[in-house]
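Here's a structure for you.
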Amino acid sequence: MVVGKVVGSVVATRKNEGLVGSKFMIVEPLSNMSANGRIVAVDNVGAGIGEIVLVALGSAARIGCDMANAPVDAAIVGIVDNSIGLMED
Amino acid sequence: MVVGKVVGSVVATRKNEGLVGSKFMIVEPLSNMSANGRIVAVDNVGAGIGEIVLVALGSAARIGCDMANAPVDAAIVGIVDNSIGLMED
Amino acid sequence: MVVGKVVGSVVATRKNEGLVGSKFMIVEPLSNMSANGRIVAVDNVGAGIGEIVLVALGSAARIGCDMANAPVDAAIVGIVDNSIGLMED
Amino acid sequence: MVVGKVVGSVVATRKNEGLVGSKFMIVEPLSNMSANGRIVAVDNVGAGIGEIVLVALGSAARIGCDMANAPVDAAIVGIVDNSIGLMED
Amino acid sequence: MVVGKVVGSVVATRKNEGLVGSKFMIVEPLSNMSANGRIVAVDNVGAGIGEIVLVALGSAARIGCDMANAPVDAAIVGIVDNSIGLMED
């Protein structure tokens, strides 16, 4: 997983039916995380813009969030409220 | 998922039989997205060149688009018609 | 998927038994594709050196090419014979 | 898998229910490893901060650690206590 | 798959039980391969340090090497003994 900040959201009226009802948030991974840019993630925990969240990638996002048959490859699965060493070098 | 722009298409007459009937679009992810170049994605929503789309990657593309047995690792699963913070820093 | 050029091949006499009979081609993705170097892909369509091909990555390569139990993470699944916008900026 | 050092941890009170009870460690992959930044991994072996660990990524993390239905894409699966050539060029 | 050179090995006494009995080799992908650093791969073919090997990544490593329930995301699946164009530009 990676930790990032919710920086926006995306709306797609015309979409795959497995995505109907999902909220798509734009997450900016923290700069020291294993990612090379922003991720569009389905919100599984009610995250808002500005929050620091935990994002699961790949099949974990679908299967772990009861969307096994949806075309989802990233999901916000936690809201970070405490950490040790998150931004230290 | 990543958001990108449809910039072209690819035709392959000789191909795996699981791909027959699929349209292959070339998607250029937005520059701030987690991707390091263009992706060839099967079109699942009727996207056209120039449209801004949502692309699912990995097993999500096959399984979420009713192509579970096809060699597909990327699919256009939505057409973006509204967003907050998509291109902001 | 990514589009690339077949630039060579690899032979491994000692290998996992699920790979016996497979041809391993070296594919150089086009420079604007989402890849950061060459991929060794099983040939599923009879591609030759110098051809421009479509490569599927990840579980799609195994499952989509009737090699579900083989240790294969990349497969050539089409030969590109036409395209729009493939190399444009 | 990649080898890295445990450099911190993350707490998320509000999270996907499949993650309840898991410990989330921040792992900094060694600089020569195939990774481009820190990974948040579920701890499967009782690793502490400062330890050098083996991290499995992708579906292997869920399925190999008896968390097949949890949104987990990285797990610490071993503590490295000996190596040959780990940091050599 | 990627081609690389076996440059070392890792020992983890404390580890996930699905990994007991596996040998963990450090593979340095060839510089023109699609990888951004060294990979720790389970040895499926009896590879030794210095050998040039074929490495399968992701679910292919587990499923293709009869370790479907182990937290393994990379495996050495062949020893390269011949090639065309492997290191050419």
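Per-chain residue numbering starts at 1, and chain names A, B, C, D and E are given in the order in which the chains are listed.
Note that a contact is a pair of C-beta atoms (placed from the backbone, for glycine too) under 8 Å apart; a residue touches a chain by one contact, two chains touch by 3 or more.
Because the structure is predicted, anything quoted here is derived from the model rather than measured.
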Same vs different contact residues, chain D with chain E, by half of numbers used: different
Whole-Å gap separating chain C and chain E, where each centre is the average of the chain's CA atoms: 19
Where chain B and chain E are represented by their mean Cα positions, the distance between them in whole Å: 30
Sites on chain E at which at least two other chains make contact: 29, 35-36, 58-59, 61
Ordered ring members, chain D first, chain E second: D, E, C, B, A
Residue numbers on chain B that touch chain C, as the complex places them: 7-16, 18-19, 24, 26, 29, 35-41, 49, 58-59, 61-62, 68-74
Chain C-touching residues of chain E, taken from the complex the two chains share: 1-3, 29-30, 32-36, 44-46, 54, 56-61, 63-65, 75, 77-86, 88
